[in-house]
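I am attaching a structure below and will ask some questions about it afterwards.
In this document, chain identifiers A, B, C and D correspond to the written order of the chains, with residue numbering beginning at 1 in each.
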Amino acid sequence: MIVPLDEAVRELVHDGDTVALEGFTHLIPVAAGHEIIRQGLRDLTLVRMTPDIVYDQLIGAGCARKLVFSWGGNPGVGSLHRFRDAVTHGWPVPLEIEEHSHAGMANRYVAGASGLPFAILRGYAGTDLIGNNPNIRTITCPFSGQELAAVPAINPDVTVVHAQRADRDGNVQLWGITGVQKEAALAAERVLVTVEEVVDALDPVPGQVVLPARVLDRVSVAAGGAAPSYAHGYYERDNEAYRAWDAIGRDRGAFTAWLAELTATAPPPAGPAAPEPAGRGL
Amino acid sequence: MIVPLDEAVRELVHDGDTVALEGFTHLIPVAAGHEIIRQGLRDLTLVRMTPDIVYDQLIGAGCARKLVFSWGGNPGVGSLHRFRDAVTHGWPVPLEIEEHSHAGMANRYVAGASGLPFAILRGYAGTDLIGNNPNIRTITCPFSGQELAAVPAINPDVTVVHAQRADRDGNVQLWGITGVQKEAALAAERVLVTVEEVVDALDPVPGQVVLPARVLDRVSVAAGGAAPSYAHGYYERDNEAYRAWDAIGRDRGAFTAWLAELTATAPPPAGPAAPEPAGRGL
Amino acid sequence: MTTVAWTSDEIMTVTASRSLCDGMSCFVGIGLPSTAANLARRTHAPGLWMIYESGTLGTVPDRLPLSIGDGSLADAADTVVPVPEVFNYWLQAGRIDVGFLGAAQLDRYANINTTVIGDYADPRVRLPGAGGAPEIAASCREVVVVMRHSRRAFVERVDFVTSVGHGSGPGDRERLGLRGAGPVRVITDLGVLEPDPRTRELVLTGVHPGVAADEVRAATGWDLAVAEGLEVTPEPTDAELSVLRSLTGAA
Amino acid sequence: MTTVAWTSDEIMTVTASRSLCDGMSCFVGIGLPSTAANLARRTHAPGLWMIYESGTLGTVPDRLPLSIGDGSLADAADTVVPVPEVFNYWLQAGRIDVGFLGAAQLDRYANINTTVIGDYADPRVRLPGAGGAPEIAASCREVVVVMRHSRRAFVERVDFVTSVGHGSGPGDRERLGLRGAGPVRVITDLGVLEPDPRTRELVLTGVHPGVAADEVRAATGWDLAVAEGLEVTPEPTDAELSVLRSLTGAA
């Protein structure tokens, strides 16, 4: 159950898979994303509500053939240049996109977690998203006659999330902004969770989400594995790294150098965190 | 915002209203139910997943013309005799019923809380519930062609729930088994919450649900107001009282005497609890 | 009937508990099913993962709960989730291995009635209703029913189908889109019934020690078939009985 | 233009903040809207109830968040809910008074584009996409748009309708089943535009001090109508400016 990250990625993620690395600004599974790049996976359909720089990196590294998303940007900074380059110039490989709103994506995960084939919402009406996405349809309420939007469930082959901690049985606990991680994990065929640390017991924490071990496949320790995003109670968001990514992502050469450096290095050890813990106050 | 219970019921609940007093074994708003009986409200449509003895009392007192529910019983003891008597003999007044499964009711509240006219689920297929309830229909998934059940949203005129505590602004906090109370409150036109106590600040508690004051209409202090059910961290379930209700509810005379006693007494003061607090360990 | 050191209710509960394997996830109804599940967890299935419909996942209660929402269930759970989640994210999503149900009436195709005896519009007896059972019966990988045997309870055709067992025979569950296997075993105070793999009709496959097949047939409201090679339930062990009695307080 | 003690961005943000009343619930986008909302809360609207789409309800951040999911938002919130709840239970349910949005392109009917400049299949510029905006624009009681004025941004017709403003005129929102009133005000670095109550077309109703109506018309990609009785925005007060600068770190 608890294995090194490179082993977990090798076991769970395969070329051609639909993979969701979820995280809503907080707890983004960056270390796992980097390991996917290192292992040279290809033809992935990447899913995420808010693809940010780790998705920019995966796309720039040529891992993805399709992106399913609702907002793709460098939060608080600007655009994702590797994403733009792939969409507008097909570099390094063409990137197909399927585009939703946040409400649509969130409900697609909810349907996936619920074993339903689709979800309904009040959404999309009048927008050009509809005409450009066959996965947005309308459905009529059998009671009131109202028209609503319908979107199909998302059931990724693999969902990857990052959490604060796991116990030795592989039960996982996360807290703070928990986004759509519970639904993304429950919707998936296989689930990999990276954690800051493994502890003897998961003392309850306000606002926690607990993912029981029985719905997870592998847990890997990746201390600092959400950086440059943050892990509530462990370390803070490295806003400077987000800003710094803009210059790297903007330039194919700079990106290629960044990529060469990433793939030349071994994955970080599972031991003590790379970034300094910034206080553990719950 | 924070007013005595009799005043809150007078302001929010009217004859003919659809009223949900929710609580899943835990935190049942018994004091509020008794106040509804005392005020002699009539023709209510009562909604609840698990109507238990306080609904038996409301039905026996003649407050209800209809019950919408999924499981009506005295948990761990047996049947609700006032409910049975109303359904089979129309005593004291006939009781119309609309009957669902738990999954159906839970999703009806979710739809109501979500501003959707209906909910979809895998449920009811092949059961006789369908033929006896026009509020269960089928709908076809526009993507997969699968047939699913559809049920209309529940949007009560008034939802009443009991919670552990509120702050002075009327923000409410409950924890332990939280059932479907959040959804029932968010689905309602008007919301009344009874609480064990009002505190200066709602210190976060693991597993809490917070209902912000802005979605509530009135908060009333009713210490011990969930007894004979329990309030996690305040007092335990009075299993003996559930067993004792069986004899009272079984007999019209015994029930009528119980009712006379209830309506002769003023509502309990908002001060210290009637039942002994059984430890506050969170 | 031979004199035994255990009651018919006890062997029913012990037999039911043996249906549960270590590590299974089990959606537990209150009453007999809850007693059997808690017994299993304290004997041969310490890793049994119990879910009660109040939202307590992976609970390990220190005593038998009187209701599905007792505080002891919440305190001892891996996590407590809201009721919509337990039905949508856990049950409907197909994550539960076995659903453990009771019934007021059960018919030859293991369809379950917990709604009314008699006519729905003018019932002779009004029962509590569906609760979580219709979707438990639909979505768990398999269902085990625990109930006492009588002609009133075991009927040719239930007065009301609250929860679908095998419908009216082969192919019905598939036609209805029910994804679990449905009732695989009915355990009573007399013996064990299982659906014939071909006809889906319940057949007597086991009797408890000291019970004759004819006794069971006499207590059944349809012409109950008896399996070749009828098994006799192994007696409850001392360990099973002592744990069971400590749970029920009948030591 | 006269020399002023504030920048055009500052008067835009101050004017936007004045759109928010004390006690309102506000769904806040990151960037200019977030700055304006936090300014309002620290000046005339201390009871402003801010929701960010990351699930932080009623948050009172001690500094401007860089993203919608900063830890400071969670720490300071009345409660944090999962993302599906913020969209379903709060936004879709119609509980939000005002949605505060930015835009890359906006047209004469206040339709919003944050998806692509150029053709969708072969875009000139790929933008971040929809995020929460389509449903914010649909479901909030009203919408306020904050964006800088330019002919590139204020166009006759948006290249892509990411979020519906007033569609193609009167009755469109109702036909589409959109329940909020839609954009009631567009606040720029030059002035304020509001939909004509009859035609739903955006009209210039206010200019910031020192800005002429013709300047605004020149920066607008359609033949912008000017309201009779054009207002001039009251200058930012010292208090507003000092709070704004303490927020943005430009003191």
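Going forward, a contact is a pair of C-beta atoms (placed from the backbone, for glycine too) under 8 Å apart; a residue touches a chain by one contact, two chains touch by 3 or more.
What you are looking at is a predicted structure, and each value in this text was computed from that prediction instead of being measured.
Colleague: Look at all chain centres (mean of CA atoms) and spot the one farthest from the centre of subunit C.
Modeller: That would be chain D.
Colleague: Using mean C-alpha positions as chain centres, tell me how far subunit C is from subunit D in Å, no decimals.
Modeller: Using C-alpha averages as centres, the distance is 58 Å.
Colleague: Just give me the whole-number Å value for how far the CA centre of subunit A lies from that of subunit B.
Modeller: Result: the chain centres lie 39 Å from each other.
Colleague: Return the distance between the CA-based centres of subunit A and subunit D, expressed in whole Å.
Modeller: Taking the mean C-alpha position of each chain, the two centres sit 28 Å apart.
Colleague: Mark out which residues of subunit A touch at least two other chains, giving numbers and ranges.
Modeller: 110, 115-116, 121-122, 146, 182-183, 207
Colleague: Which positions in subunit C touch two or more other chains at once?
Modeller: 88, 92, 139
Colleague: Building nodes from the protein chains and edges from chain pairs that touch, which of line, ring, star, complete or other describes the result?
Modeller: other
Colleague: How do the chains pair up in terms of touching? List each pair.
Modeller: In this structure, the chains touch in these pairs: A-B, A-C, A-D, B-C, B-D.
Colleague: What part of subunit B is in contact with subunit C in the complex they form?
Modeller: Its residues touching subunit C are 24-26, 49-50, 69-73, 75-76, 79-80, 83-84, 87-88, 99-103, 106-107, 109-110, 121-129, 132, 146-147, 176-180, 182-183, 207, 209, 230, 232, 236-237, 239, 242.
Colleague: What part of subunit B is in contact with subunit D in the complex they form?
Modeller: My answer: residues 110, 113-116, 171, 182-183, 186, 210, 212, 214-215.
Colleague: Considering the complex alone, what residue numbers of subunit B touch subunit A?
Modeller: Checking each residue of subunit B against subunit A gives 115-118, 120-122, 135, 137-139, 141-144, 146, 148, 150, 152, 204-208.
Colleague: Quick check on the complex: what are the subunit D residues that touch subunit A?
Modeller: Touch list, subunit D to subunit A: 30-31, 53-56, 65-71, 73-74, 80, 82-84, 87-88, 91-92, 115, 120, 122-135, 138-139, 160-164, 167, 172-173, 176-179.
Colleague: Show which residues of subunit C lie in contact with subunit A when the two form their complex.
Modeller: Residues 25, 49, 57-58, 78-79, 88-89, 92-95, 139 of subunit C touch subunit A in their complex.
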